[in-house]
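In the two assemblies presented below, subunit A is common to both, partnered first by subunit B and then by subunit C.
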Partner chain A sequence: MARIELKDLAHSYLPKPGGEDDFALKTIDLDWDDGGAYALLGASGCGKSTLLNIISGLLEPTRGQILFDGADMTHAPTTARNIAQVFQFPVVYDTMTVRDNLAFPLRNRGMQASYIKERVQQIAEMIGMDSQLSRKARGLTADEKQKISLGRGMVREDVNAILFDEPLTVIDPHMKWELRTQLKQLHREFGHTMIYVTHDQTEALTFADKVVVMHDGRVVQLGTPEELFEKPAHTFVGYFIGSPGMNLLDAKIDGSTATIGSHQVPLGAGYAALSGHTQIGIRPEFVTFTDDTNGLPVQVTQVEDVGRHRIVRVGFEGNTLCAVLPEGAPLPEGTQNITFMPDQIGVFENDWRVTPSTGGAS
Partner chain B sequence: MLELRDVSMKVRGRTHIYNTDLKLEPGTMNVLLGPTLAGKTTLMRLMAGLDKPTTGQVLAHGKDVTGMRVQDRKVAMVYQQFINYPSMTVFDNIASPLKLMGKSKAEIDAAVRKSAEMLRLTEMLDRKPLELSGGQQQRCALARALVKESDLVLLDEPLANLDYKLREELRAEIPRIFRDSGAIFVYATTEPEEALLLGGNTATLFEGRITQFGPATDVYRHPKDATTARVYSDPPMNFTPCRKEGGQLIMADGTSAPVGGAFADLADGDYRAGFRPNHLNLNAESDQSMALTCTLGIAEITGSETFLHLHHGDDKWVALVHGVHDFEAGSDITLWLDPKHIYLFDADGQLALPAAYAAAA
Partner chain C sequence: MDKPQNNRAWFMVLPVLLLVAFSAIIPLMTVVNYAFNDTFGNNAFFWVGVEWFKETLESDRMWGALQRQLIFSFTILAIEVPLGIAVALAMPKKGVWASVCLVLFALPLLIPWNVVGTIWQVFARIDIGLLGYSLGLIGIDFNLGQNASAAWVSVIMMDVWHWTSLVVLLAYAGLQSIPDAYYQAAKIDQASRWAVFRYVELPKLKGVLLIAVLLRFMDSFMIYTEPFVVTGGGPGSATTFLSIDLVKMALGQFDLGPAAAFSIMYFLVILLVSWAFYTIMVNLDREEERSE
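For the complex of A and B:
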């Protein structure tokens, strides 16, 4: 296991990159702690697969360094990096038994037979395949084959890190629950450094202790699931985390008041003068309907009943906002007033979260 | 109207669809909800006329179309994989069904621009599909399905291959896009939340049978049996054995609560209690709420909510609670359940008593 450091890393697929737009990965400085469970989360095309391929050695970065426990691995081949990988689709030898598939990476490294036997048994139990060890892989379901791929990724104890690239794509929704849960338990049990790439927030937030959110070739936040929800560092994180995502409104910020059109919204903290494009962000969970006519006047445009709660969409000053109402709450119609919970409002300047100058938690 | 009369489908002696009767009205969204292999795609292929049923008839506007070629019917289908012609522009992709129908240039131009506008593709009309994002490619396929003004539009998990944020946006748009078209829409999905968001009617499917059909929230809140309740709940509904004695509901661990209303008229005896994960709370909702001590397996975070995987005696439950919580795995935790959220099922899985909250909702 190892601590992995990325220093001033950047990558362009062009032979002679010019400006920043030519780079798939802009400047990245990031430390992955030894034994940490990380997720790399972002939309398609954000650069997360490029970053993963640079860590595993499939790609050489245009600029910057990769260190494993302080040793420069930037130009080391994949085999020298000692990394296990699990891919989107199962990679299983059909003609081999489940046991031989799991034992394969250990036999390749010339491990002792007694150790292999014990270790394979342990892994098979963890992935729930111990009763099928003697079966041929051929004829197993896609779920089962992917479990074998996961097991084989975890079987070696001496790897520097395990990389997962969207490993649950082929798994049926009902089965995803089970595998996500097992992966987390596997991490707790074995303590490997794990990096899990996904575009799915539930997979990322469930699996990882720390989530790296990428957007447009940059890391926009490294944080715990709580931090991403409560204090998104960038408007993209606000939008991407949560369903529906954070509401964002252009606003003028003056001390502890935000002005939207002709309306004023009290903020939970005070802010120094801001010069860029300023916005406030509020999650739908913290938007409430009120009888108070000092609230913001809105027009209800759409109500979606998703069972456990309702998503109410409203029009306000040319924007669409979402509010989440609990099951059974009375349904608002027509013209209404809404308020935002002041201490749940975030302020953003040029898309980045601004730390308040007075009051409130940063 | 599209009607299935006693339609069934057997392939090599195996029944894929059991005898089914179903009527779908023009201008409605009808969601087929069920797990993989429940029979959703088979049912759609029968509706489209791509396959001939083993028994029964398919009627369109009262006319028997069983066995009629799909080309001779006004049917459009969109699949999970984005299917577009890679060498044609978006405009020509959307226009292709109209060209086959021999429409005039002016008609084609107007129709393509109208459906491109609805699917926000106007600025992409000159591009090739591979220059578009996944979401835009699927919009292009949707626009092509809409442009020929079919009577029947079949959508087979059309959003399954998209990033969840794109899925979220298209889900909110689809009811709006389809509302005015007047066609019959049939939409297959494995996800209960998608069925609820799309609204309209839901048919729950399980192992080749439609277990219930009706307005989405009706089926969700008033399932007629345990199978429908399980299919229409993600994560699945929690079940546990219980007893009814007079006015008391007694759980397997001895926890009990007084229940009023229609419960009093139910025969005493053993039942299976079912309740949804979001009705297990971290706080007591009312004086009637039962405190249930569970052991936490693992907590999962979805963004704004947390799933708790629990063991309660021999039962495995899931709770869905608001907010982001980090509990210690293996710790004991008390969850509260208000009896008004409990459905009672009999030994055959038929609903014996609906949850009181659902009657009020």
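For the complex of A and C:
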């Protein structure tokens, strides 16, 4: 187990990268605490898998350093890093039995037969495959194969970290839940550093203590699920986390008031003068319909019932906003007024969150 | 099911039927006809039953040729398959050199059989051939015409030179189809190079290797032109394989009856052995899947 530090890391798949656009990973500085359960969250193609492969040593970064407990591992081969990794699609050794598949990483490290036997049994029970240990792996279903891959990832006890690269993509939803819970439990029991790559926010938020959100080759925020929800550091986090994501509106910020077109919206705190492209962001959960004519006049366009609550989409001066309506609230129709909870409004300058200069909680 | 029956559709099949009849069925039936009859020309045939088959089965000459044929086929399989896999593994996976290698390996496959035979005939000659002359210099008598082992070595080396490429290309294609994730997982699991070959590459190559073995077996079992050009079946009958023997019998001695019986049995043997190969290999596959 180890603390993993990434220093000034960047990677390009091109042999001679020119501008910043050539880099799949732009500059990354990040520390992964020993024993943490992290999720690496981001849209497809944002560099999550690249980052993971650099940590496990399958890729060598173009620039920067990787330290394990302070020791430089940047150019160390995968075998020297002692890392386990589970891939998106199941990788099993077809001609081996389930037992041999699970024992493979241990045998390659020359462990004692008695220990291997015991450990394999333990892991097999955990992934629910103990009754099929003597079976050949090739005839198994995709979920079973992926369970073996997961098992093979977890079978070594002394690994520095376990990396998961969207491991539950091929697993059916019910089993997904169960396996995720097991992973979490395993984390509590053994305290391995775990990094879990996913583009599914539910998966990220339920698995991890800390979530790293990546966007376009950069880490835009590292925080607890609450922090990501309440104080997204970047408009991408606001938009990506939450269902539906945060509403963003271009606005002029003047002290504690935001001006959107001809309308004024009070903010929960005061801001210093901002120069760049300024926006306000508000989660749909904090948008309310009101009779007060001081609110923003909107046109209701669509209502989606998603079970526990309803999502109302409204049009406002060419923008589409979402509001979450609690169960039982009357359904708005036609032209309405909405207000935002002032404390929950975030201000963004050039996509990055701005800390207020006066008042407010943050 | 009141579909209107339109038998005119059969006319569409007629051209193909005619073609197949003239190219395969009629010639084959002619052979069958010769195998059960004796003839003295003038289209006069006398029924002899299984006489020719009995004669062929009782001839030492046929059994000798069959034995040599089997030794030849299994020897070249034993060399070409492992060698082909080894070469495919050593080839670059991508880039310019991968294309260069592919083209170079494809070259021998494009050379006509009799040219290959001629190349090796010249190559092995003791007076002007690079191989034969050099071996002579270091005191080895490599006279194809007199030395049976020299003839065998030449014929086998020639086949290996000509056909290993086929195994290489098939194995290379098989290797290319293995997703990177398998190699990455093996690295993560700290598998040795041998373990990667044994548990990742070989299982994925099984399908193409089955095809390679089948093709090489059938082809080598029917081999005629190349050894005929190099050794003419000699010295004596040391490299007289089945088809060389068959041609000698049919065209050299004009023994059409025994030759026809011989070819029918030859055909059946190839069919049978290929079928056996295929069934065994496919069953091995299934067995593995079923074993609990």
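Everything that follows uses one rule, which is that the second predicted complex is superposed on the first by the 360 of 362 C-alpha atoms of A that agree within 3 Å, B and C clash if a C-alpha of one lies under 4 Å from a C-alpha of the other, contacts with A are read in each partner's own complex, and residues count from 1 in each chain.
Operating definition for what follows: contacts are C-beta pairs under 8 Å (C-beta built on N, C-alpha and C of every residue); 3 or more make two chains touch, one makes a residue touch a chain.
Predicted, not measured: the structure shown is a model, and the values here were computed from it.
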{"item": "Residue contacts on subunit A - larger count, subunit B or subunit C", "value": "B"}
{"item": "Partner chain in contact with A:Glu226 - subunit B first, subunit C second, else both or neither", "value": "first"}
{"item": "First, second, both or neither for A:Asp130, with subunit B first and subunit C second", "value": "neither"}
{"item": "Subunit B versus subunit C as contact partner of A:Asp34, first or second or both or neither", "value": "neither"}
{"item": "Touching partner for A:Tyr93 - first (subunit B), second (subunit C), both, neither", "value": "second"}
{"item": "Which superposed partner A:Asp250 touches (first subunit B, second subunit C, both, neither)", "value": "neither"}
{"item": "Partner chain in contact with A:Glu317 - subunit B first, subunit C second, else both or neither", "value": "neither"}
{"item": "Touched partner set for A:Leu205, first subunit B, second subunit C, both or neither", "value": "first"}
{"item": "Subunit B versus subunit C as contact partner of A:Arg138, first or second or both or neither", "value": "second"}
{"item": "Which of subunit B and subunit C A:Asp351 touches, first, second, both or neither", "value": "neither"}
{"item": "Contact residues common to both interfaces of subunit A (with subunit B and with subunit C)", "value": "none"}
{"item": "Subunit A residues touching subunit C - in the complex, by the definition given at the top", "value": "53, 56-58, 77-79, 83-85, 87-89, 91, 93-96, 104-105, 108-109, 134-136, 138-139, 149, 152-153"}
{"item": "Touching residues on subunit B, where the partner in the complex is subunit A", "value": "35-36, 133-134, 163-165, 168, 172, 190-193, 196-197, 199, 216-217, 220-221, 234-236, 276, 278, 297-298, 300-304, 307, 309, 318, 320, 322, 324, 326, 329, 357, 360-361"}
{"item": "Footprint of subunit A on subunit C - complex, ascending", "value": "179, 181-182, 184-185, 187-192, 195, 199-200, 202-204, 288-289, 291-292"}
{"item": "Touching residues (chain side subunit A, partner subunit B) in the complex", "value": "43-45, 172-174, 177, 180-181, 184-185, 188, 199-202, 205-206, 225-226, 228-230, 239-245, 283, 285, 302, 304-308, 311, 313, 327-328"}
